[in-house]
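One structure, as C-alpha cells, below. Some questions next.
By letter and in written order, the chains are A, B, C, D, E and F; residue numbering begins at 1 in each of them.
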Amino acid sequence: MSKTAAFGEVMMRLEVPGYGTLSQDNQLKYSFSGSGVNVMSALARYGHESYLVTTLPDNPLGEAALSYLRKLDIRTSLVHRGGKYVGMYFLEHGFGARPSRVTYTDRLGSSFNTAAYDDSLFGKAAQQVELMHFCGITLAMNDNVRGAMKRLAREVKRSGGQVVFDCNYRPSLWGDGDYDQARPHYEEMLELADIVLMNERDALLTLGMESSVQGRMAQLQDLVPRVAKQYRIQTIAGTHRQINGDNTHSLTGYVYGNDAFYFARERTFSVYDRVGAGDAFASGIIHGVLQETPLPQAVEFAAAAAMLAHTVSGDTPIASSNEVLKAMTDHIGDVER
Amino acid sequence: MSKTAAFGEVMMRLEVPGYGTLSQDNQLKYSFSGSGVNVMSALARYGHESYLVTTLPDNPLGEAALSYLRKLDIRTSLVHRGGKYVGMYFLEHGFGARPSRVTYTDRLGSSFNTAAYDDSLFGKAAQQVELMHFCGITLAMNDNVRGAMKRLAREVKRSGGQVVFDCNYRPSLWGDGDYDQARPHYEEMLELADIVLMNERDALLTLGMESSVQGRMAQLQDLVPRVAKQYRIQTIAGTHRQINGDNTHSLTGYVYGNDAFYFARERTFSVYDRVGAGDAFASGIIHGVLQETPLPQAVEFAAAAAMLAHTVSGDTPIASSNEVLKAMTDHIGDVER
Amino acid sequence: MSKTAAFGEVMMRLEVPGYGTLSQDNQLKYSFSGSGVNVMSALARYGHESYLVTTLPDNPLGEAALSYLRKLDIRTSLVHRGGKYVGMYFLEHGFGARPSRVTYTDRLGSSFNTAAYDDSLFGKAAQQVELMHFCGITLAMNDNVRGAMKRLAREVKRSGGQVVFDCNYRPSLWGDGDYDQARPHYEEMLELADIVLMNERDALLTLGMESSVQGRMAQLQDLVPRVAKQYRIQTIAGTHRQINGDNTHSLTGYVYGNDAFYFARERTFSVYDRVGAGDAFASGIIHGVLQETPLPQAVEFAAAAAMLAHTVSGDTPIASSNEVLKAMTDHIGDVER
Amino acid sequence: MSKTAAFGEVMMRLEVPGYGTLSQDNQLKYSFSGSGVNVMSALARYGHESYLVTTLPDNPLGEAALSYLRKLDIRTSLVHRGGKYVGMYFLEHGFGARPSRVTYTDRLGSSFNTAAYDDSLFGKAAQQVELMHFCGITLAMNDNVRGAMKRLAREVKRSGGQVVFDCNYRPSLWGDGDYDQARPHYEEMLELADIVLMNERDALLTLGMESSVQGRMAQLQDLVPRVAKQYRIQTIAGTHRQINGDNTHSLTGYVYGNDAFYFARERTFSVYDRVGAGDAFASGIIHGVLQETPLPQAVEFAAAAAMLAHTVSGDTPIASSNEVLKAMTDHIGDVER
Amino acid sequence: MSKTAAFGEVMMRLEVPGYGTLSQDNQLKYSFSGSGVNVMSALARYGHESYLVTTLPDNPLGEAALSYLRKLDIRTSLVHRGGKYVGMYFLEHGFGARPSRVTYTDRLGSSFNTAAYDDSLFGKAAQQVELMHFCGITLAMNDNVRGAMKRLAREVKRSGGQVVFDCNYRPSLWGDGDYDQARPHYEEMLELADIVLMNERDALLTLGMESSVQGRMAQLQDLVPRVAKQYRIQTIAGTHRQINGDNTHSLTGYVYGNDAFYFARERTFSVYDRVGAGDAFASGIIHGVLQETPLPQAVEFAAAAAMLAHTVSGDTPIASSNEVLKAMTDHIGDVER
Amino acid sequence: MSKTAAFGEVMMRLEVPGYGTLSQDNQLKYSFSGSGVNVMSALARYGHESYLVTTLPDNPLGEAALSYLRKLDIRTSLVHRGGKYVGMYFLEHGFGARPSRVTYTDRLGSSFNTAAYDDSLFGKAAQQVELMHFCGITLAMNDNVRGAMKRLAREVKRSGGQVVFDCNYRPSLWGDGDYDQARPHYEEMLELADIVLMNERDALLTLGMESSVQGRMAQLQDLVPRVAKQYRIQTIAGTHRQINGDNTHSLTGYVYGNDAFYFARERTFSVYDRVGAGDAFASGIIHGVLQETPLPQAVEFAAAAAMLAHTVSGDTPIASSNEVLKAMTDHIGDVER
C-alpha cells in the first residue's frame, strides 16, 4: 500500500435532517468533509496511509474537525493550526423533482484560505508521500491559497511523487462562470498533473477548446485525448451523470490512458446523498493507478465506488474495497447477517 | 400584487416522524396548517399580501399557532382570539403499499367552530382584500360556522371581491358520505363563487348531477361546463390523481375558463408528503387569475406547484414562484450550489 | 397479592421535550396516563393484578393507548372500545422560577366521558376485584360519567370490595373553583369510600367545613378526624408540598387511621417531573392497606414512593417495591452496577 | 379464535436510525423481536390469544423486553425469568445497491439459550395452546435449547396440538453453512411438524435432497411434495424473493397442501424494512390453517401480509387482518381520513 | 403602547443540544438572535410594535432568519436584503463548574456588517418609531456599520425619538480588550443616548474613568451619577451577577434616574440558559420608561424579566408581562393547569 | 511529553438519553469507553502520546470502536483485531434520589477477554512506552486475560517502564464480593506497580488488612502507608466521595508519596455524569508523576480534573490541561466568548 496526501480545505457540512428546509426546521446534523478529506478517507479504507495538508483554527470548531479527521482514519500530522475560521456549508436535501440546495458561509476568511503556508512544511509533506491530490475548488479561492497549491504541486513533482488534479469547476465560485479568469490557473495545474479528473465540459468551457463533433460522448472522445496529449497527462478519468425523476441517477464512468478509452457500464441506482460521489470515483481511479490495476477493471471499481457513495449519508465514501468489489456485480444482496 | 385572505380553521398537525405508527413510536412533530393556511402561505410566497380570518384560543396552543402563521408570512391582524381549543389531527405516514392514516380530535369544539363571528369584522375583512378563499371542509362543520362562512362570502361579493371555493368534499365529515345533507350548502357557495376547485366527482356526487358518458375524463368534460354555466362561475379547475405502487403519483391538472378546457401535461413523480398538495394547485390557479396569466400557463404553473408540494415536508407549500417556474420544465436539477 | 382496579380516563400526555414551549419547539413526546392509570401501574409494579375500567375509541389513538396500558402491565379486559376521542393534555416543563404549564384539549367529548356505561360490565368488574380506585377529576366531567362513577362505586361496595377516593379537586375544572357545585358529588363519594386521599384544603373548601385553628398542619389535625368520623372512612391520607426556588420540593405525607395520625418525615429532593407524584403517594397507601402494613411504615413507604415519582420522566410511577424500600433510607446510592 | 404459542428467543434489535452506519452515528433505536415474537404478535393482531415460551433475565433489560412483549399483546405468563443476558443484534440499514448489515452479540450466553427448561412448564404450555411455533434459528444454538425445543414439540403433539416449524436456515449460525451438522436436527423437527415453512433450497441444502430439474420454481415443485410425503407434513409454504435495484423487492408465495400447489400472484413493492417479513408470511399461513381458509385465499393473505411487513418499521408485523385484506387488492389507497 | 425599533445584527445561534461539545456530538439546534432581536421580541411580548433595522442575505439562510423574526413577532418591513452571509455563533453549554463556550464565525463579512446603508431608509425608520435600541457589540464591528449606527442614532434624535444604548463591551471583539480604541465610539454613543445600560466596569475600563472608592457597589454608586451628568443621560441601568457552583446565579439590578438609585432585591435562581438575560433586563427597563412606570417598580420588573430569561431555552426572552409580574413575587408556582 | 499505554477492554456504552429507563424509552446513545480508554484519552489531551493495548473484533462494531478511539486521539497501532464480540453496558441515568443503573452484557465472551495474547506484541508494546495502565476490572474477568495482564505488566517492568494499577474493585464482578478469590491477583499486581489508585476499603476488604482506628480518613492514613511499604509502591492516590441529595457530590482527593500525605481541598459540585470520574482523577495523578509536578499541586490538578469529568457527558474526560488548571481556582467562569 502507498502513502498519499491531499491538499484541501476542511469544510463543516451542516445538514437539515430529512427533507426539510432551513426555514422549516430547527435542527442540523454536522460533519466535516471537503474534496481532499473525501479522497483521503476513501484511500484509507482501501488500505493506504493518508494525510491531509490543511490549516484549522485552534478553537472548538478546529478541535471538532480534527477529531472528525482522525475518526475517518486520516493522519493529522501535516495539519497546521492557525487562523480563525472553518469554512462551512448548509445542505438542504431535495426530494424527487425538488433539487438539493447548498448555501456557503464566507469561506474566503477561513484558516485554510488565509494561512501563510510554510514551504518547509510543503517540502516535508512532498517527501513523505507518493501522491498528492488537488482540487479545482481550491483554485477558485484566492491568490494566497492558489499560490500555495501550485508550490506544493511543484514540490511533489520535484520529490518524484504523482500529482492528481480534479478539475471540479464550480461556476458560482468564479463570478458565475468567468472561465477566462480560471483558465490560466487550470492550465498551470494540468501541466503539473499525472492524473486528471474531468470531462468534455471542462475542456470546452474552462480550457476553451473547440470541438467539431456533436453530443457529449463524441465530444468527450474528441477532446480528452487532445488534453492528455497537450498537457502530457498519463491518466484522465471522469463521469457522465443523468438525473431521473424518481430519485435515481444514471452514471457512466470512463478512464483514458495508454491512448485508449475504457468505459464502465452505465449504472442506474437509487440515490440517498449525492454530494461527494465524484470524490469516490476519483478515489477509485487513484487506487487503481496506485495498485496498477488494469484500466478496464479500475474504471469499473471507480464507478461502483461512486455508486455506493450515493447510497451513504454524508459526503465521505465509507465503503471498503471488499464492499466495492461486491458492488461491481449486478447482484444486489439481501441483509448481510 | 394583490391582497388576499382565507376564511378557515387552523389545524394542529401532529405527525409520527418517519414511517412509524402511533402505537410504535413515542414522538411527534407538530405544525399548523389547514386549507386556508396553505393557500395563504403559498400566495404570500408568490408575493401577495395574505391574511387569515380565523379564531384561535388565548392559551399556549393558540400562541403557538399564531407564531407559526407569522412564520409562514401570513398576516394575523384578522385573527380573532377566543374559545378554548385548536382542532388537531394525527398523521401516520404510509409507505408504498401501506396508506397514510389521519385521525382527528374533536374539532367541532374548536375555537374556530364555536366562535360567535362578528359581522363588523367581516365587513372590515371584505373591504381589505380583493379575493377570499373558502373551503368545503368548513362547510361540513356546523351551522354556526357554515352561516358565518356564507355571510362572509356575501360580504366579499358586496365589496367587489372575488370568492374562491374549493369543494374539498370529505365523506367522513358528512356522516360517511351523506351527499343530500351537503348539497344545498355547496349550491349556496357555488352561487357566490368566482373560482371553483372541483372535478367530476363533486358534480356527480355532491351536486347529484348525471352524465351519460363514461370515464373520468369524459365526465369531467361533460359536467364542468354545465356547472360553470349553471352557477355562472368564471374559472373552474382541479386535478386527477393516480397512486402508483412505488411511492410515485401521477397527476393531471385542468382549468376551465372562457368556455374552454386547458390541461397540464401529466406528471409522474416521487411523493414525500401528499397532504396539502391540492391547496398548492389551488394557489397556483388563484395566482394565475390574480396575475391574469393566460390559462394554459396558469394550469401548468399550478400543476408544477402541486408536484413540488408533494416533495416537501408538511401540508403547506413552500416553493417560491421562481422555484415553480423552474419545475415547469422537464429537467430535474442537480444540487444547487 | 390482590386484585385491584381503577375507574378513570386515559389521557394522552403530549410533552415538549426539555424546557422549551409550544411556540418555540416543533416536537413532542407522548405517553398515556391519568390518575387511575398511574395508580394501577404502580400497584402492578408492587405485584398486584391491576385492571382499568375505561373507554377508548376504536382508532389508531385508542390502539396506541391500549398498547401503552399493556406495556405498563395494566390488564385491559375491562376496557370498553367506543366513542371517538382520547382526552389530551399538553405539558410545557417549567424550570426553576418558571412554572410548568398544562393545556387541555376538549376532553368532555372523549370516549370516556361520552360512553354509555353498561351496568352489567360494572357488576362483572366489581366482582372481579377487591378494591377500586376513583378520582375527583372524573367527578368534574359531566353527569354521564359522574353517574357511572357512583353506580360503579356502589356496585363495588355491594360486592364487598373497598372504595378508594382521591379528592384531587382541580379549580379550573369546576368553573374556576365553584365549590358549591362540586360539594354534593364529593359528599356522595366520601359516603362510599374506605380510603380517601385529601388534606385540610379539601375539607375547608370542597366540603365547606370550618376550623377555628390556624396553620395548615393544625387545621389538618383538626379537620381530618372529623371527616373520617362523619363519613365513616377507615383511612385518610395525603401530603403537604412546598416548592423551593432551586428545582427542589419538600414533601410531608400523613396517614390517619385507627383514630391516630402518622407522619412521614419531611423529605426535600430535586424534582425532574412533578406530575403524577400524588398518585404515587396514593398507591403507596393503598399497597400498605392491602398488605396490612402498620400505618407508620405505610406512610413512609408512600412518601418515598412519591419522592421517587418526582425523579422519573412521565406521570406514571415506575419504581418497584424494592426500589421504594431502598429510597426510604436517607442514604443516596451511587451508580448501581 | 385460537390459542397459540411460540417457543423462541427474544432478541433486542439495536438499529442505526436512517441509513447511517455504526461508525458514523452515535444513536440507536431499540425494540425486541425474534421469529416467535413476530409470529405471536401477528396472530394476536388477527385475534388469537398468543403466548411466548421463553426465558428472560431478571434485570432492567429483561424488564424492558417483557414490557415490549406486553405492548405487542403477547401474553407473558409462560415467560420464565432467569439467566443473565438478552440476545442482541445491531442493524445498519442499507440503501439501494448497498445491503443492510446485521451484527450479533454473543447470544449463546443468553437467558434463553442457557436456561434449564422445566418439563412441567412445557406440559402446562402444551396443554394451554392448540398450536406451537418453532424456528430453525433456535435449532442452531446449542444442545441445551435444541433438546428443550424437541421435548416441547413432542409435548405439543402429545397434547393434540399442531407443531409449526419454520426452517429458517442461517448459514452463519452453522459454521458458515455446515449442512451435515444441521440435517439430523432438521429431520427430527420435520418428523414432528404439521406446518412447515421452507423452499427448495432447504430441501437441497439442509436436507441434502437431489433434484433432476433446473430452475428454482421447477425444483420447488419437484421437492416440496417429496418432503411433505416423507415427513407426513400437512401444509408446506414459503416464498421466492427477488431484490431489485430501486429499493423494491418482488415476492411470490406458495402453499402446498392436499397434494396441490397454490401460488400467490407475484408482487413488486417498495421496501422500507425487510427484516421479519418471512415471519409475516408464516403468520398468514398459520392464521389460514387455524381459520380453515381455503389455501388459495390463505396464500394470497399471507403474501399480502408479507408485503405489508416490508413497509413498516421494525421486525414485527403490525397489520390487522382488515388491513391485510385491503392490501390483497391491487388498488393502493390514498390517505385514510 | 409604543413603536420601537432596534438596529443590530441577526446572528444564527448553533447550539450543541444538552451538555455535549462540538467534538462529542453531531447535532445542533439553531435559532436566530442578537441583542436587538432579543430586545424587540421582548417588547413585542409586552405589547409594543417592534421593528428591526438590519440587513439579511437573499438566500435560504436569510429566508430562515426572516421567518424566525416574524415568528418572534418582530416586524420586518425595515429589513434590507443584500450581501451574502449571516453572522453565526456556536454555543456549547457548560454545566456546573464547567463554563459554556461561544465560538464565532467570521461575522465581519456578514450582510449586516458589509451593507451600504441608505440614509433615506434611516430617515423613514427614525420617523416611524419612538425609540431605537443600539448595542456596543455593533460598535465593535467596523467603520462601515459604526458609521451607520451613529448616523441612525442622530436621525432618531432629530425625529424626536429616544436612543437606547447598551454598552455591552466584549473584550474579545476589541483586540482582547483594547479600551482606547473603543473609547471615542462609546463616548459618541453616550452623547446621543437617553437610556444607557452599563455598570461600573464600563465606566472604569471603557470610559477610562477613575474611582477612589473600593468594591463594586461603591464604585457603581460613585461612577454612574458622574456618567449620567457628563453625558446628560436620563436613565442608566444595569446588573451585578454572581455565578455559584450549583448551577445557580445571583443577580442584582439597579436603575439610576432623577438623581437617585433604585435597586431590585437580589435574586438567586437556577439557570438553564444564561445567554440573552442582559437583553431581558434592558427590555424591562425600556418597557418601564415607555410606560412611565415608577423606577422602583421598573427595576423589579426588569430584574424579574432577567431572572425568567435564565430559565428559558434560547437567547430570546419569551415571557409576557403577566408572567414577569407573577415572577416578581417570591412565591414559586406549582404546575399551571 | 511521554509515551503511555493502557491495557484494557473497550466497552460499548449504550445510554438511555435524559432520565428515562430502558422500559420507558426506545432510543440509546452510544460511545466507547473503558478504564484504559478514559485514562489514555485524558493523557492524550494533556499532550502525551497514548496507545491502547486491546483486542477488537473485525466487524462493524469493532470498526465503530476503532473509529471512536481514533477520534479520542488514542493511537491504535497496538490494537489487535480478532474474536467476535465487544463488551457492552447499558446505562440508565438516575436523578436526585434515584440512583443510576448499569446493566452489562456477557463480556466474558468479548474479543478482549477471549483473545490469545501474543507475548511478542507485548514485548513491542512494553518497549514503546514509558508507562502502562492496568485496572482491577480486567483482573476480575478470567484466567486468560488475567494471565496476559500480569505478563504484560512484568514485560513493562523489564523494559524499565512504570506500572500503574487502579484497584477498582467491583463486588458484582467477583461473585458478589468474594474478596478471597480476588486477593492473590491484587497482591500480584501491587508487587509490580509503581503507582496505585486505591483507598482504605481496598486495603480492608480486598487485601484483608486490619486497622485499629475508626473513621474512613483515619483508616486511610493508617493503611495506605502500610500498603506502600509492603509492596514498595512509590505513589498511592485515591478519593473519598459523598453523594448529596440535590444532584451534587463532594469529593476529596489524596496522594501519598515520599512518606507523606497530600490532600486536595474538598470540592462540592453539580454532577451531570458520574461515570469515569475516577479515571480522570487517575489521569491527573499520572500526568503529575510524568511531569514531576510536586505532589500537592498534582493532587489538586487530579481533583479538579475529576470534578470536571462529572460535568461532561460520557465516561471519557475531555478537559485540556488548561481547562483543568482554570478549574483549580474557586472562581466559576461566565460564558467564554
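Just so we're on the same page, a contact is a pair of C-beta atoms (placed from the backbone, for glycine too) under 8 Å apart; a residue touches a chain by one contact, two chains touch by 3 or more.
In this text, all values refer to a predicted model and were calculated from it rather than measured experimentally.
Asks: Looking at chain pairs C-D and E-F, which one is connected by more C-beta pairs in contact?
Replies: E-F
Asks: Suppose you list every residue number at the chain A-chain D interface; are over half of them used by both chains (same) or under half (different)?
Replies: Different, since most residue numbers here occur in only one copy.
Asks: Approximately how many whole Å separate the CA-defined centres of chain B and chain F?
Replies: Each chain's C-alpha centroid was found; their separation is 63 Å.
Asks: Distance-wise, how many Å sit between the C-alpha centres of chain A and chain B, to the nearest whole number?
Replies: Those two chain centres are 45 Å apart.
Asks: Among the residues of chain A, which are close enough to touch at least two other chains?
Replies: In chain A, the residues touching two or more other chains are 21, 23, 26, 67, 71, 101, 246.
Asks: Would you tell me which residues of chain F are touching chain D in their complex?
Replies: By the definition above, chain F touches chain D via 14, 21-23, 26-31, 59-61, 63-64, 67, 84-86, 88, 90, 92, 101, 103, 105-106, 108-110.
Asks: Which bits of chain D are touching chain B when the two form their complex?
Replies: 71, 246, 248, 268-272, 307-308, 310-314, 318-319, 323, 327, 332-337
Asks: Tell me, which parts of chain C touch chain D in their complex?
Replies: 67-68, 70-73
Asks: Could you please specify the touching residues of chain E with respect to chain F in the complex?
Replies: 18-21, 23-24, 94-102, 104, 170, 172, 241, 243-247, 274-275
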